[in-house]
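So that we are looking at the same thing, I have put the structure below in structure tokens.
Which chain is which? They are A, B and C, in the order written, and residues in each are numbered from 1.
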Amino acid sequence: MSVPAPDPTRLPHRAALAVFLFLIALLPLAVPSRYYLNVMIFAGIHVLLTVGLNLVMGYAGQVSLGHAGFYGLGAYASGVLTVKYGVNPWVAMAAALGLSLLVGLAIGIPSLHLQGYYLGMATLGFGIILHILFVELLPFTGGPSGLVGIPEISLLGVKLNTDTRYYYLVWVVVGAVLLFAFHLVDSRVGRALRAIQGDETAAALMGINTWLAKVRIFVTAAAFASVAGSLYAHYVTFLSPDSFGFGFSIDLIVMVIVGGTRSIWGSVLGAVLLTILPEYLRGLKDYDILVYGAVVILVVMFVPSGIAGAIEQRLQRWRLKLATRARVAADA
Amino acid sequence: MKRLAALLVLPLLALLGVAGSALAQETYKVGAVLSITGPASYFGEDERNTLMLLQDQINARGGINGKKLEVVIYDDATDPTKSVTALKRLHEEDKVLAVIGASISGNALALIPFSEKAGVPQLVPAASGKISNPVKKWVFQFCNTDVQSIARILGFLQAKGVKKIAMLNDSTGYGVSGKEELDRQAPGKGFEVVAAETFGPNDTDMTPQLTRIKAAGARAVIVWNATPASAIVAKNFKQIGLDALQIQSTAFVSPRLLSLAGAAADGIILTGYKLPIVDQVPASDPQRKIIVEYRDAYLKRFGKEPNPFGALVHDAFTALVKVLETAGVDREKIRQGLESLKGFMGANGTYTTSATDHNGYAVESLQMLVVETGKFKPVH
Amino acid sequence: MTFTDQLLQFVLSGVMVGSIYALIALGFTMVFNATEAINFAQGEFVMLGGMSAVAFYGARVPLPLACLLAVLLVTAVGLLFERFTLAPLKRVSVMNLIIITIGGSIFLKGSAMLTWGKDAASLPSFSGDTPIRVLGATLLPQAIWILGTSLVVVAAVRLFFDHAAVGKAMRAVAANRFAATLMGIDVKLMVACSFALSAAVGAVAGIIITPVALTAFDRGTILGLKGFSAAILGGIGSGPGAVLGGLLLGVLEAMGAGFVSSGYKDAIAFLLLILMLLVRPQGLCGARGSRKA
């Protein structure tokens, strides 16, 4: 412990990411049918959402109960622009991203002055208001019965209209976002965030503009969610407000916590596992909801730092043991 | 760190084992995506029960063409995303011949692009006009659309000489597409819509909306929603003493809703099917036998009468079975069969399709009913 | 109907619905004061109250007794819920507490669905359905029951916290957990008490509203959400704030529906709520500079 070890979070994360993405790239060759790719497409979209939400919740320590609203904003902006105005999907996606950044700023700037549950309430309220707008702005959004006929997306003249092609699109985006997120938490902003999470008053005294750091992270998460929404829109090619309600915001929080807050890998794990879990539980008929609730309770009770937290602790202990053994060998 | 990565991929590989490999077609496999849990479980429950009942009845009779019939039912938890995954699983893993679903229009519309792409027939027991208009090659609607229901109601009101009407619908897809349809049809038929109000499916009190309607002087109020909240509307209607005709949608045709509304239901007029008034249908009506058989078997097995959504799935399923008898396991032939039904008789009406019409229920399938002392009666 | 008649009708509707929100908010407040966590299963206690009262009444138990049994049953559920999820935990973050209560709410909702089915259910009104005219507006007798019961419950809770020894101990825990322990107060017991009490209050809310608003297995989520909003509006942790927040939210919704647009009524209520928070970040009755979270 006396020897200052190089920051253990840095290089291994990049290496792990490379291995992970390599395996992800091989997956379509290994699965027996496109059903698995469908599940993994949604899992990837959920990863984009949970990584952003984890930055807000785990790293900046802010409660956000309306994340599904930004997801919906991205999806509907993409959907409405392509269906009603014939905009090219990529342009629409960029426009959706711009809109979400603006809305993220408009919501974040005033409400990130709020603390704890009050911020939770504000974000919850914004999420619900956005959902109501999706329902009520009928001429644009198609209302509660949904927006039909969203075009598929093309890349260099290739239509991304098969599950395999879309799978790669989604996971390339996921890879880029993960890289960005790892970079962010290691950067100055990331250190400022960790300071805020430790003690916001102390961080402020150290000269960190805590509010600005929180706004930045909030807007970044909104941007990730917007991209996730656009990807959802062009895959399902149909949008219904039901996908972007309060319930889904809660689902996302559960994914983040079960995976492990303050760990990017935790969000990946949480999103993938909890997207797959209901598929496992299908055989249980109506009892699946009970099992799902019980799993959530048990994980949080017995693995309070989340799955990634537990793995990290295990790894750390193992590394420590190796180091001690090495030192003992050197002493002898 | 490799272990970490491996940990991520392991559950996926395990998932492979769960679904199991696709079996050769030794049985006729049909799929269903229904909202068995979540906010719309009110529909899905009866729909699933109906499918289980019919599957067992058909297999007890020796199946189809001597082969067993198997219905694979997945719950979408009233979530469009989950409904898409469920459909994919039916298509790719279970390799079903056709899919019934989804329970609500929103989810059904989410499935349509995937059914079209995969070339697997989809039979939809939900009401939105967008489902069969424009006609989709692989999609068939087994539900009178709001287009037909609203037309029937407006015809009734014209005959009564009512001009000033109000709309009160919930904010779900069912409620809002009814409202859209009214906006389309009412002006051309000489109606004046004096108030249009909405409520949330989980709201607890609708007196503010009804108060506005009362103040606007409507002579008839069309209430359009498919949740038990319509019973609250009925009670609030009586509470504020609104002196107008109360028209409810087909979704109100359920003995269970009737008992929830209690005395407040008396006088409600609605469009509905013959199911709730089957005991008053003349014995000469050939539909009567089908309805009574379905209702009694359902009552015997599940201890309650089916609601109209169950009957929609009944018709979709029996039509599909009839087509399977001649088409076999060829999906294109099944599609053609579904497209050329001529006067197929179901519990909710006769069903006739063509290449340009994928919703076969005639507008005549809809009956005008009235609630009198807690019972549905035909309007004469 | 004249404008004032309409206004009166909206206010009556708002106060009736709002007093239900107030009771639910009170439940949130009690658990928050003991644990600093928001119990997202609070709405499920409300649902369980209504559903179990319907079940007892359906088993031919007389209505008053059925209501009493339902309150007792839900109180027991509240205790068990605390005993098996929160009590065994030693050090746990507030966020994790919240997730546990979310998991619990999923579990309770599922249990209710499997036990009682998916259909909506109702109870007969306690004093008939003949509307009472109040000037130009109308009121159901059940609304009087709702207002009266809410008043009694709020007063009883107030008296309990001000005068009963257990109530005082619970307040001590809320004020300073560590100091309370030093004074020999059994903090764990007090946390259990807060869950029992909040479950009981939630059950009462669920029962009295069932005759007018029905009940169903999935009714808890939205009511819980509204109660949470009311508690925040009033200032989380404040009893009078919870009541005020509930009534205000109910009236805002009714006014929004009546005067602006029924489709946007929830959006209007939430927008005003957020604006209020931006002006007064600690809620209406919350302590100034409160950093509790």
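The rule is short, and it goes like this: a residue touches a chain if its C-beta (ideal position, glycine included) is under 8 Å from a C-beta of that chain, and two chains touch if they have at least 3 such contacts.
On a predicted model such as this, the values are computed, not experimentally measured, just so you know.
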item: Touch-based graph of the chains, sorted into line, ring, star, complete or other; value: complete
item: Between A-C and B-C, the pair with more C-beta contacts; value: A-C
item: Whole-Å separation of chain centres (CA-atom averages), chain B against chain C; value: 35
item: Between chain C and chain A, distance of the C-alpha-averaged centres to the nearest whole Å; value: 32
item: Chain A residues counted as touching two or more neighbouring chains; value: 135-136, 286, 289
item: Set of chain C residues in contact with two or more other chains; value: 113, 221, 263, 266
item: Residues within chain B bordering two or more other chains; value: 37, 171
item: Chain C residues within the chain A interface of the complex; value: 38, 40, 85, 88-89, 92-93, 95-96, 99-100, 102-111, 113-114, 221, 225, 228-229, 232, 236, 263-264, 266-267, 270-271, 273-274, 277-278, 281-283, 290-293
item: Residue ranges of chain B touching chain A (in the complex, touch as defined); value: 1-2, 4-9, 11-13, 15-16, 18-19, 21-22, 36-37, 74-75, 77-82, 84-86, 88-89, 91-93, 105-107, 109-110, 112-113, 117, 128, 130, 171-177, 180
item: Residues of chain B touching chain C in the complex; value: 37-39, 41-42, 45, 171, 197-200, 202, 204-205, 207-209, 211-212, 214-215, 227-229, 231-232, 235, 238-241, 256, 260, 262-264
item: Interfacial residue positions of chain A with respect to chain C in the complex; value: 57, 63, 110-111, 113-118, 120-122, 124-126, 128-129, 132-133, 135-136, 246-247, 250, 253-254, 257-258, 261, 286-287, 289-290, 292-297, 300-301, 304
item: Complex contacts: residues of chain C adjacent to chain B; value: 1, 6, 9-10, 12-14, 16-17, 20, 113, 117-122, 129, 131, 137-140, 209, 212-214, 216, 218-219, 221-223, 254, 257-258, 262-263, 266
